[in-house]
């Protein structure tokens, strides 16, 4: 009945798109206020909120398909003669993104209900998740780049909060800070970029920016500058080289968070940003080249690092970086749809992989080292199968989702990029398949190497121990005590064998697995590139490249080669596991240590800054304040010196008086010339 | 024959004060040497107040007795300041003498009244001789008062230093005056002033010498640097109420007479320009020296002496900048403010130092706990002396700033402002003692006698009132034609 | 009616202070409630004035000029009024003061005096923001010194004596320099007018100085000197490097509520004065020195941030962050653009709320842990999650997280500096980019501090700390909500500021 | 050189030499005598100028009263002590000499360069004229000096009085 | 008649000798005597001006009388203070009296 009224007024579902982010916001507020009281039930509220959002998103998408872009804005602020507006907008791209975000968020909510059930701060967790969903959806719905930036920062905040959710773990706290800080570098670039845009265009609105670009209101160097600054934002958020270092560390957060934020949605915001600003990028070939090479290099570097890591989540994190690099590469080579398509498919299968990893971690009691795993295939059926699907999808095996999108990316690299980029893309595809299946085989095949799951001495992370050793001087001797106490999920674990988790955890896996299988078809060539048509309608983003059939075969072949190598090494042992590491130990070490980037940053930026600051502080105390102190002491010292003449001898006083008189005479003589 | 032809009613206040002073002395004479005689103090205060009323009521139109004795607004205002000041000093003294019974009370009060009489004569006189006699009545009475605690080594030493240096200063003044007389054949300031422009052309060196000698002498009396050296010692050694008397009454009367002489005799026809710069430099040095040395002082009375030197520097500024009704208004306003804030402060200082028996600044420790009212009042006085808002001192000081700036002596205003900030340090050092330090273990709650309470309350009221509504006074002052010669 | 309200507003706290005098000091609760009521009434008055504020008028409104006293050659007037510049700051003053009074309920020592001084301080601050006469401005400016001296000196920490004297003398010198410059401006103005109709009115002097017919007296050099005088004077209050060293001392020693007022309002007087007097009377000079101001602002941002990075005392860290944030004000006003100027005013207000909140949180933590040394804390989220949460929120607001007010002002200031005309500031772009580094540093030191205080393992001795008391919610929630409102819907503030800002910028033909 | 000049030089020399002797002599009693001589010479100068009344007053007050007063002052204090030994303050002496010397140079310079004209005939005032002026024109000052003396009298008595106890 | 300049010069010399005495003599009685000497110098000036000055008239002599009066009163008070001081401190050495300083 409501529907009828709306129809009469000519207002569709899209008018109510603003409600999509509001539902999670409401859950956030409810949980913030009443979370402690609700305790166990918080998950239902969160799930309900997201479910509503998801439903509404579906309705909006359905209406948007074949409909027009819908925009609604309010005055937000007056700046001189310019009015800055805020509101929401439903375009093809964000209609798609709404679905991706709400869906992944929903399944992550469901997964978390089980995963986090033993944490006594579960209400906080769900509150944060709600806030994140709100921010991410707000980001997506933004009709202007300022609003995007606002929510962009908010998702950064949520990432900070969720990475640092287990704040009592020093490494989680450090990782949260690192994540926020490094993305902040990119954010400042983005901020400056949009400020420059505003100064030139007089508005933050996408539409007006597009128009300005089209009408050549901006000079070419300015476009390049702005595009690069905006891209800097994307580099930070999407963890591209060289600002990617935060993402692996961000794995300190709970695994559902990694799935939602650091795989599917937030990190993809950078790609989304480039997508939204695409006309601007297209106007600058320099910017496009930079984008393409950054993406390609990131994809390759991240893949190499994923090869050698042993932490299940970190491998996935490097994989995420690598895949994001792929998307950026696609966008940089004019593959607008390819990049965004991969964004979507990646969201599904990477969320799947993370949740699968979460399921595994949960089952083996929060151990993450794949060397301690193995042989889970038989013990965790659903997890294993879905994980396999995810791995196949990311490797790009026909006909899973990853295949379609990756093939398009390869196509755009080949057609619009140069051979070098294509080569990198191919190598990366090979490496992707290899490391994913290295992970898969080590985790799910062979024998379980975890030992007794209830042995507390086993629960150590090497890195953590090292970190704590450095920190112990600061945090005090009770650090070890705290560590024992605070891990919420270890207590009362009766089993000492990993086994499949409850349905609430496996159901999301299944949903995502299905999507990882079918999502690719929406832009499949034989179905007529539906997504491309939808996304490019009415937008000037250039013609989309499509590859020939041989490319598809090549892509699958590369993937199969990677899988085979992994199989040969980790299942059959044809090649020794330490074959490469022993042949080229320095390269292995390089990969393992993240190309020493963290150390370089520490040595080049962090330490000098701190040294300079200490120096400045010293200067502040001694020179800047010292001058003031000196003036003060000079004043009182000169007071003392003047007072010294007051020696109690009246004849001294008389003498001073006489000499004072002489001075006065001299003064009169000198200044006025009395006697002249 | 001036004696017979004159309207002596112009001198009614002086005559009645003289009569009352003699009455006080006679009554004291008849009631024996020893013992406490509070009634004499009260009588003295009453006499002074009666005289003050007479000053207000009589001769609003002004007039003069020959060239000798002027009754103009300037003189009347300063007479009021002197009378009220001495009355308040005597009220402070009543407490002090109560604590120091060895001091002869009747003599003390009558000499103080004679001093007031001399000061009154001085500010009214327009003749070198009358002026000199008035000045000497005040000075000799002051010498005596400074040494009144004759069994006290500090007191006698102070008196000795004062009398020797003061005598020398008198000689300097007289030597300067002798040339003024010699060159004009007259002792009338007005006549000297009329002859001055020509004389200055003729004998620049002699006139300059005469001016400088008088400047040294009077500079000594009002304690401006470099003729200030006596002040800290004498202020420190004298009985505290006498210090108050010297800081306020003696200094303000000195200022009045400096203004009188230098405006009437040296003031016009371009001669002001010749010496205004010297005065400005001295004002600057005075402000700097006073404030800087005060920073290092621990003795309350000595600190107040340096503070008083600095204040003298402030008072000198408008005088150095410009002559006329405006500067007189500013000077008189600041004099009133100075009178009230300094006397109020001295009332509290007398109370505290007499109670603790020492004059170190630490005797103020925790005064707030011992007597909140006194502490708050003292804070207001100090804040006013420092020149912070809502007090008369602020308005007075800012007026001087404005005058200096308007008179093209911005540099002087700048020095004044900066030294004022320096003065915050020691004024707030007091405040720190009172509010932020615990009282010493043996200090009990302070009993505040009625006389001191009255002085403090009146001063407090005036300081605050003038700080908020300075127009009460300024509106009156603006109507005045301060001196006949200003037209 | 409104004009009378302004007068009432300024004197109401003073009357309140006098009323407090009459209450015996044992009645602590009566005293606290009376102080709260008085400042609350001032708040209500400001809100009414805010409601009646005409957003379309660029000049002074609700102005009153009462004759105060006459020096014969000069009439000093009690001239007050508000415009889009002072209105937000008035509201800021009453809001922050009221909330800081709530924050001061934990003070048990000499309660009566505390509130008397606070109310006198409030009067002084309100006076500064409504005064249009330079004399009056100076009066109120100085009036804030004494209460602050007492508030730091009596209720402060270990080094309170040093800090209070340093505050008094340093800012005393500042206001001294300010008045010197005022005097010079007055004199030059009077000379230009041949001593006809001279006054201390800023409005009047602005007209005189804007009049091109007065070139002789008002040479460029003179005007430049005057402007530099004002710049130094207000730089001390703001504070601007290298005149900032009083601030960390004062903040570290001051009690929480006083720190809130000091950072929240008192510093703003510097920025306000610079715009009101410096830009109001000498806009052309301000434009000439735009580069200098911008560079000073830049130095402030970076220098403050770098020093905050290495502080070991949490409160000192926040103090240096204040210095850093005040740089944004300078950057904004130097740009001479609508957005920059608006951003500066916005930053004054927003930083008022945020820094007050930060200081409150630091104070609340100190009260519980008895330490402010960052390395001695840690893991406080465990025992005091709500306080830690608010502290994090405050830090985020300070970092400039969108949705909170700090972001809006930073954005506006950045739009301003990047949009500054190349004639005014040749290297505006470079300055803006370096300032961007400052934003990163801000995040660095605040997050570092948060990581070390609220995150990480908790120490056993901090396990059983009590979380927020009901009274503490008032300032916490209040300040955060204010920051949130301004961040989410800045229009409510920007439309008050905007018209006036356009007027100021247009004065240099910008 | 006329007689007047001769007498002037004689008396002026006596005055100056006696004044120097006040400063220079060892014994306090001798110094007081030198002072009396100096005052006496000044009185002679007055006579030379035709101011007999002032000259007589000078002799009565200075040579008579004040010298006696100083003798009393001397007798009641440390009169047996010949000197206080060598003065430790050499700088004080030198600076005093230099300062006063400069002052004197300045004064003499001013006086000599002014080269004031003498009035044709010296003005000779009689005691009568002085009396008329004193009780006529300067009546206020005269009465004032009465109070001055009263005040000084009371003060001197109070301060110098030795209490019985 | 002898030129007035000589009288004035004599006065100046006596004044300076007196001043020097005040500044350097250690015996307080002599210091007081020096002050009297300075006042005598003033008197010479006044009388000289009165007799042979540019505007010779009686006023100078009247002035001299007042100066003498004042000098006497001052001397009396000064000696009284001196005696009181001697009683307290048993010394009339200038150098000894520096309790009040700094």
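Going by the order they are written in, the chains are A, B, C, D and E; count residues from 1 in each one.
One rule holds in what follows: a contact is a pair of C-beta atoms (placed from the backbone, for glycine too) under 8 Å apart; a residue touches a chain by one contact, two chains touch by 3 or more.
By chain, with names taken from UniProt: B = NADH-quinone oxidoreductase subunit N; D = NADH-quinone oxidoreductase subunit J; E = NADH-quinone oxidoreductase subunit K.
Computed from a predicted structure; not experimentally measured.
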{"item": "Central chain (by mean CA position)", "value": "C"}
{"item": "Which two chains share the largest set of C-beta contact pairs", "value": "D-E"}
{"item": "Far-end chain from chain A, centres as C-alpha averages", "value": "D"}
{"item": "Separation of chain A from chain C, taking each centre as the mean of its C-alpha atoms, in whole Å", "value": "36"}
{"item": "For chain C paired with chain D, centre-to-centre distance based on mean C-alpha positions, whole Å", "value": "70"}
{"item": "For chain A paired with chain E, centre-to-centre distance based on mean C-alpha positions, whole Å", "value": "96"}
{"item": "Chain B-chain E separation of Cα centroids, rounded to whole Å", "value": "26"}
{"item": "Chain C: positions in contact with at least two other chains", "value": "169"}
{"item": "Residue list for chain E, restricted to those that touch at least two other chains", "value": "15, 18-19, 22-24, 28, 32, 48, 53-57, 59, 62, 66, 70, 73-74, 77, 81-82, 84, 87, 95, 97, 99-101"}
{"item": "Per-residue overlap in chain D, given as positions that touch at least 2 other chains", "value": "89, 92, 96, 99-100, 103, 106-107, 109-111, 113-114, 116, 138, 141, 145, 148, 152, 155-156, 159"}
{"item": "Every chain pair in contact, whichever chains are involved", "value": "A-B, A-C, A-D, A-E, B-C, B-D, B-E, D-E"}
{"item": "Chain D-touching residues of chain E, taken from the complex the two chains share", "value": "1-10, 12-21, 23-30, 32-34, 36-37, 40, 43-44, 47-48, 50-59, 61-62, 64-66, 68-77, 79-84, 86-87, 91-93, 95"}
{"item": "Residue numbers on chain D that touch chain B, as the complex places them", "value": "106-107, 109-111, 113-114, 116, 132, 135-141, 144-145, 147-148, 150-152, 154-156, 158-159"}
{"item": "Chain A partner contacts - residues on chain C that touch it in the complex", "value": "166, 169-170, 241-242, 244-246, 303, 306-307, 309-311, 337-339, 342, 375, 378-379, 381-382, 396, 401-403, 407-408, 411-412, 414-415, 418-419, 432-433, 436-437, 439-441, 443-444, 447-448, 450-452, 454-460, 489-491, 494-495, 498, 501-502, 505"}
{"item": "Interface residues, chain D side, partner chain A - complex", "value": "89, 92, 95-96, 99-100, 102-103, 106, 109-110, 113"}
{"item": "Parts of chain B lying in touch with chain C, wherever the complex brings them together", "value": "325-326, 329-330, 383, 388-390, 394-395, 398-399, 401-406, 408, 410, 413-414, 417-418, 420-422, 424-425, 428, 431-432, 435-436, 469-471, 474-475, 477-478"}
